[in-house]
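Heads up, the next two complexes both have chain A, just with different partners, chain B and then chain C.
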Partner chain A sequence: MKFDTIIIGGGLAGLTCGISLQRHGQRCCIVSSGQSALHFSSGSFDLLNCLPDGKEVENPVEAVERLKLQAPEHPYVKLGKEKFEELAGSVVEFFSQAGVSVTGSACKNHFRITPMGTLKPTWLTLSEQVACEHGDRLPWKKVAIFNVTGFLDFYTQFIADEFHKLGTECVLREISFPALERLRKNPTEMRSVNIARVFDKRENVDELARVLKDGRGNCEAIAMPAIAGLARTDVLECLEREVGTRIALLPTLPPSVPGIRAQQQLRRAFEQAGGVYMLGDSVLRADMEGDRITKVYSYNHGNIPFVARDVVLATGSFFSQGLVALPGKVYEPVLGLDVEFVENRKEWYDMNVFAAQRYETFGVKTDNEFHGLLNGAALSNVYVAGAVLEGFDAIKQGCGAGVSILSALFVAEQILRK
Partner chain B sequence: MMKQDTAKPFDVIIIGGGATGAGTARDCSRRGLRVLLVERFDISTGATGRNHGLLHSGARYAVTDQESAKECIKENMILRRIASHCVEETDGLFLTLPEDDIAYQAKFVEACSQAGIRAEIIDPKEALRLEPSANPSLVGAVRVPDGAVDPFRLTASNIMDAKEHGATILTYHEVTELLREQNRIVGVKVLDHRTKEVKSYYASVVVNAGGIWGHNIAKLAGITINMLPAKGALLIFGHRVNNIVLNRCRKPADADILVPGDTICLIGTTSSRVPFEEVDDMRVTPEEVDLLLREGEKLSPLLARTRILRAYAGVRPLVASDDDPSGRNVSRGIVLLDHAVRDGMEGFVTITGGKLMTYRLMAEWTTDLVCKKLNVSAKCDTAEEKLPGSRESGEEVGKKIISMPKTQRNATISRHGDLAEKLARNTTTLDNSLVCECEEVSVGEVKYALNELDVHNLVDLRRRTRVGMGTCQGELCACRAAGLMSSLHKYCTRRAKEDLASFLNERWKGMAPIAWGDTLRESEYMAWVYESVCGLTLSQKQE
Partner chain C sequence: MNLQEHNVSDNNFEQCIKCTVCTVYCPVAAVNPDFPGPKQAGPDGERLRLKKNNFYDETLKYCLNCKRCEVACPSNVKIGDIIQAARIKYSEKKFKLRDFILANTDLVGTLSSPFAPVVNGVLGLRPTKAVLDSVLKIDHRRVFPKYAFGTFESWYKKNEAARQSSFPTQVSYFHGCYVNYNNPQLGKDLIKVMNALGVGVRLLDKEKCCGVALISNGFIEQAKKQAKMNIEAIRESVLAKNMPVIATSSTCAFTIRDEYPHLLSVDNADVREQVELATRYVYRLMARQGVKLKFKQNQKIRVAYHTPCHMEKLGWAYYSIELLKLIPNVELTVLDSQCCGIAGTYGFKKENYKTSQDIGESLFRQIEACDIDYVVTDCETCKWQIEMSTSKRCEHPISILAKALE
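And now, the complex of A and B:
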């Protein structure tokens, strides 16, 4: 199997890189083992919320310079301010062409609503969710919050109490009708994705519209969990047209329906551009010649190699198994690239779960062009993108999605420049 | 902070909500005494909830301590009868490995038979057939009547029976002072941690059943008990590797018992002296983890490939003999101190030492002493009368709650025994929804625990229902449970979020010592969900 580029990992980084390469005429293959972090997403993408010293960031483009001193191996430092600004500025359009509509700017963080009802800074938010301009108020005076009866991954009372603090009045309503009751027969079925499947049927959307219309009272907006529109993308549009009120979808606990849909849409965009997406396969090993990888072998394809000019590693962090930790060691399991970590595992953790955890900054070492290093030397046709990279703390710095997208776009540029 | 003197009279106040305190509350209330039990946190928070959960046959002590061995086997047989829903009759094997002295086996079997413990030498091949996870290089095996016991369930059940017999149970009430009139203790002053109120309660006898913390409680009366905190660390694995308890057939040493329990198994323990300042915050060190794994793999090599869920440690309340202040001569047996005789302090009794296995016997001795002081002649019946939950067989209960989905039904019965019926009463299909998928805990079970079992926070709830004890260590169920607790008005949403934050921190405490491999994946995911997606932060606690 011959391709221009093999991308290992089909999450946000792998898909972004793949779409970019396909659009520029390359023939790529993405090998994906399954779920990615997008399946657990908030429906927003963060670029940079906080510097390592704890200082909050309002304008990521301005703040990125300061990373140089505080986190010299940060992927954004490798990009440099100009590249960072240029790439970040291109993402809204890039996503829009791929059919994923987002709002936001790299020069000013806005605020998203969390499943707990609080506001948190972010960069881009999917259009059907709420992007608030300010961190201390909501765009509504009075809102009706709906939840499906017995759906345990969305907490109307939590949200209402937080909204109240922000000066917004709330009324709480429940959604219950026969199609949903059928789900309840099995105790594990009342989960976001299963409910979303109910709303992929037109008649159920109509029923939902009636419930929302009846219950909204004099509220200027309706908020409900993001549990609609998995296969269909027009559910929100239909509902708003029928109900005649602005409807805001709020994130739930995982799995994330908007995240899964974004993932599906990006995959579709990649395939429509001619890319090959191999789902449920994993790369096991590679053949090397000098400083190049010549062939890559996967689980499903056994001895039939993937041959490509370039290889992109976008396998994600520990959770996605792009990095694997043993008691005194962290390694990259697919290509065996060099990984930055400390040996003493006492230093990996802070005993406060909400403090910065050092293990979060471990990752694959690269040069400034994001070539992966093996035994200290850069491999000339191997690039690394996304959460598997070293030097940043996606959780504390609020930069996970940004690192994935920008490093992927940058890697695509490097490959195309050759 | 208001001071309030409570008029309600009690015969006996028991300090400590571990197995011993709960057992004593049960025994005293069954003999007609008016009982108050005060516990500074939740029930089973000390050594009771931090051990192997091993239903000792006594075999482990047979060679070194015949008295303990005899007590164990007697109590073992009693618990099988009175607490059947807390006990799993797994049996145990004592394995001799190539590096162990096979001659010890004969000595061991002889000592067991002397203590009245059935100990049967079986062929190593037969042992492997019975327990395929055992180390295949074993050269000898002895089968004994070990088992597994759930200490949370056992303690909760004793509490429940005590309440049925009129006892008052106050959790989150910490004793700050022993009320004294001349040379007599007449009551306690307690701080209610939830309301911050200070209250006084009076009784004719005060029983100190505070485990290692009993040391400081005695101090409040100006009495010194020479206690030695001994830390024991354990590891919990995410699967039930073995179905039979595995022990090493040698002198008791570190990490030589592997016990199955519910969906998991446990290896332990280490043993090290710790200073008193540390007993409130036991942390497992990387060295202890390494030792437990190294030794554990010798019992069952499978452990090397099994995911570890968490590490934790408890503190044994060892007591030095009164005539040996150096602390070298330590007894692991039961220590019942009548301070009237020992220290000239009337109305005050300390029960300590012993082990989970002998909690009932300790309670019996204590209650006998209390009754003697009060001139009450009622006899102990706790060895015969079954505990709530154990009064009907699981099969019988199953028939009564047939409408519950099967896996849930089995899980509920295994956790609550015949009380599952009470739990299932008045539930709707809404209540069948699962809060915790790892452990099959339903909305109905959470509601029952909140309403009936003195649950005040998520950690309490975990001890009653196993919410958050499974493979995911509370990833999603914690949030669902917090949501439920706040929707049932157990607390406000601000407290719910604080509680969630401290629950997650408590889980992390046990995960951090073993956070590599899948546990690190899980930890990262947890941080991602709660901190990134939900925006839960440290400041949640300070707000």
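And now, the complex of A and C:
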């Protein structure tokens, strides 16, 4: 199977890289071992919320230079300020062309509402979700918070308590009608996705609109879990038109309906541009010649190898098994690339679960062009992108999505420049 | 008491991190709330069943065994296998005539084929359907596949056996029940395509139904017996005669390669890599040896490829799609990979009919919206479902290729 580039990993980084390459005339194949972490997305993408020294970031573009001293191996340091600014500035347009509409700016973080009702800084938010301008108040004085009866992944009381602290008055309401009651027969699987499927049917959207209209009282906005349609994308629009009130979709606990829609839309964009996406397959080994990978072999394809000029490793972090931790070491299981970690396991973690955890910064070592290193030497046609990279703490620094997107775009540029 | 012995499973259920991605992609959970969903039915339930048998839940029978949960799982948990293995181990074994008839495709085919015109006529009649529905609980809305008059095997032995053995390269063809009893033309098309590539098509010394319907209907001992006989015949072909085995049915190929060792404990490790789908064999031959198929300069043909569930699990839709692209003037659409709902004998059962049609609904809608001559797919039961539920004809990629050859 001959391709220009083979991308191992089909999440945010792999898809971003693949779409970019396809748009520039390449023929790519993405091999993905199962679905990606986008299924747990908040519906927002972070660029840089906090520096390693704990200082909060308002303007990521301005702050990025300070990473040089504090986290010299950070992927953003490898990009440099100018490249960082240029790539970050292109993402809204890039996503919009792929059919994923987002708002936000790399020069000013806005705030997203978390599933617990608190506000956290972020870079881009899916257009159907709420992007708040300020971190200490909501754009509404009084909100009606609705939840589907029996839906356990959305905590209205927590949200109301937090909203109250931010100066917003709340009333709590429930949504219940026969099409939803039917789902309660199976309480453990009454998840966001199954509820969202109910709202793929027009008649149920009409019913929901009636419930919202009846229950909103004199509130200026309605908040409800992000369960507005899985296959359809116009549910929110329909609801707002019918109800005549601003409706804020709040993230739920996973699985995330907006995240799944984003994943599916990015995959569609990649395939529509001519890319081949192979799901549920695992790359097992690669043939090398000198400092190049010549062929890649997978479980499903056995003795029929993938042959490509370049290989991108975008396999994600520990969750996606792009990195594997043993008692004494951390390794990269697909190509066996060099991984940065500390020998002494006691230094991997902090006993305070809310403190920065050092293992978060472990990852594959690369040169400044994101070539993967093997035994200390750069492989000339192997690039690394996304969460599998070393040098950053996605949770504490709030930079996971940004690293995935920007490193993927940068790798695509490197491949196209050759 | 050794607690550990109650915690050991052959399946990797302990790899599950409870992320629920499987439920997102389960076609049954999407339409039928009576099914507990793959996470609960699979790894979550397994943990409990290992402690005590009576945690087994009969609703596991709603699982289609499509394996889409396994394809979606980011932790490589064999969710579908866990569910099927639990059904084999714990489900009540009550003999049901209906399930026996549906599961024994081989036997029923042998009985029907000599009287095909009569059987086809009678099965199409409303009173027959009413009886099947009320007595056997085979849904009256289901359209039955037609039986062919005379089997593929008998045709082959009479007309082709001698000629095929004269080719320098040969493969064995696992034709499956469908080609043998319902659609011998697909077998003939395969011979045409393979011969055009210089490869002769032989039959296995003995071929039994792959057993997929026996497994799903709980006839495990019989399935094991047939699996062992098939693997013996495949060994004879692969190891003694150096002839790899190809199939045209994605489900037969998948069952022989993966279900035999995983569900029936029939070891196939020495021959597994030599059992594959025809389109993959053809793709490899063309890629490695540069052999080319000569096509007619035909008129435009518009097709849409549907990826069957077991094809999705095998990961081999790519080969069928790439071969279709070789046909001159072909306009190819790849449909979203989703379950059509029939899952072999599942959709024939009265209690599953609605679930089956609800699952397929969005696929049918997508097909109807396409301006195409054919839907193309590698699975025979998908073909029945698509032809019954849409206005389009459905063909195997090998048949489409054969038609386009010079």
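The rule is short, and it goes like this: the second predicted complex is superposed on the first by the 418 of 418 C-alpha atoms of A that agree within 3 Å, B and C clash if a C-alpha of one lies under 4 Å from a C-alpha of the other, contacts with A are read in each partner's own complex, and residues count from 1 in each chain.
Operating definition for what follows: a contact is a pair of C-beta atoms (placed from the backbone, for glycine too) under 8 Å apart; a residue touches a chain by one contact, two chains touch by 3 or more.
Because the structure is a prediction, the values reported are computed rather than measured.
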Query raised in the report: Which partner does A:P115 contact after superposing on A: first (chain B), second (chain C), both, neither?
Result: first
Report task. Return first, second, both or neither, reflecting whether A:R345 touches chain B, chain C, both chains, or no partner chain. Result -> first
Report task. Could you tell me if A:F40 is touching chain B, chain C, both of them or neither one (first, second, both, neither)? Result -> both
Query - Which of chain B and chain C A:T361 touches, first, second, both or neither - result: neither
Query raised in the report: Who does A:Q321 touch here: chain B (first), chain C (second), both, or neither?
Result: both
Query raised in the report: Given the touch rule stated above, what does A:G398 touch, chain B (first), chain C (second), both, or neither?
Result: first
**Report entry** Touched chain A residues, chain B compared with chain C
**Finding:** B
Query raised in the report: What is the contact status of A:G280 with respect to chain B (first) and chain C (second): first, second, both, or neither?
Result: second
Query raised in the report: In the superposed arrangement, does A:Q129 touch chain B (first), chain C (second), both or neither?
Result: neither
Report task. Name the contact category of A:P254: first (chain B only), second (chain C only), both, or neither. Result -> both
Query raised in the report: Touching chain B and also chain C: which chain A residues?
Result: 37, 40, 184-186, 188, 254, 319, 321
Query raised in the report: Which residues, counting only chain A, touch chain C once they are in their complex?
Result: 1, 33-37, 39-40, 182-186, 188-189, 191, 193-194, 197, 231, 254-255, 260, 271, 276, 278-282, 298, 300-304, 319-321
Query - Touching residues (chain side chain B, partner chain A) in the complex - result: 283, 286, 290, 405, 408, 429-430, 432-435, 437, 442-443, 476, 479-480, 483-484, 486-487, 492-494, 496-497, 501, 504-505, 507-509, 512, 515-517, 520-521, 523-529, 531-538
Query raised in the report: Considering the complex alone, what residue numbers of chain C touch chain A?
Result: 17, 19-21, 23-25, 29-30, 33-37, 39-40, 44, 70-76, 273, 280, 283-284, 287, 312-316, 318, 334, 362
Query raised in the report: Where on chain A does chain B make contact in their complex?
Result: 37, 40-42, 46, 114-116, 118-120, 149-150, 152-153, 155, 157-158, 161-162, 184-188, 190, 251, 253-254, 256, 317-319, 321, 324-327, 345-346, 348-349, 351-355, 357, 359-360, 394-395, 398, 400
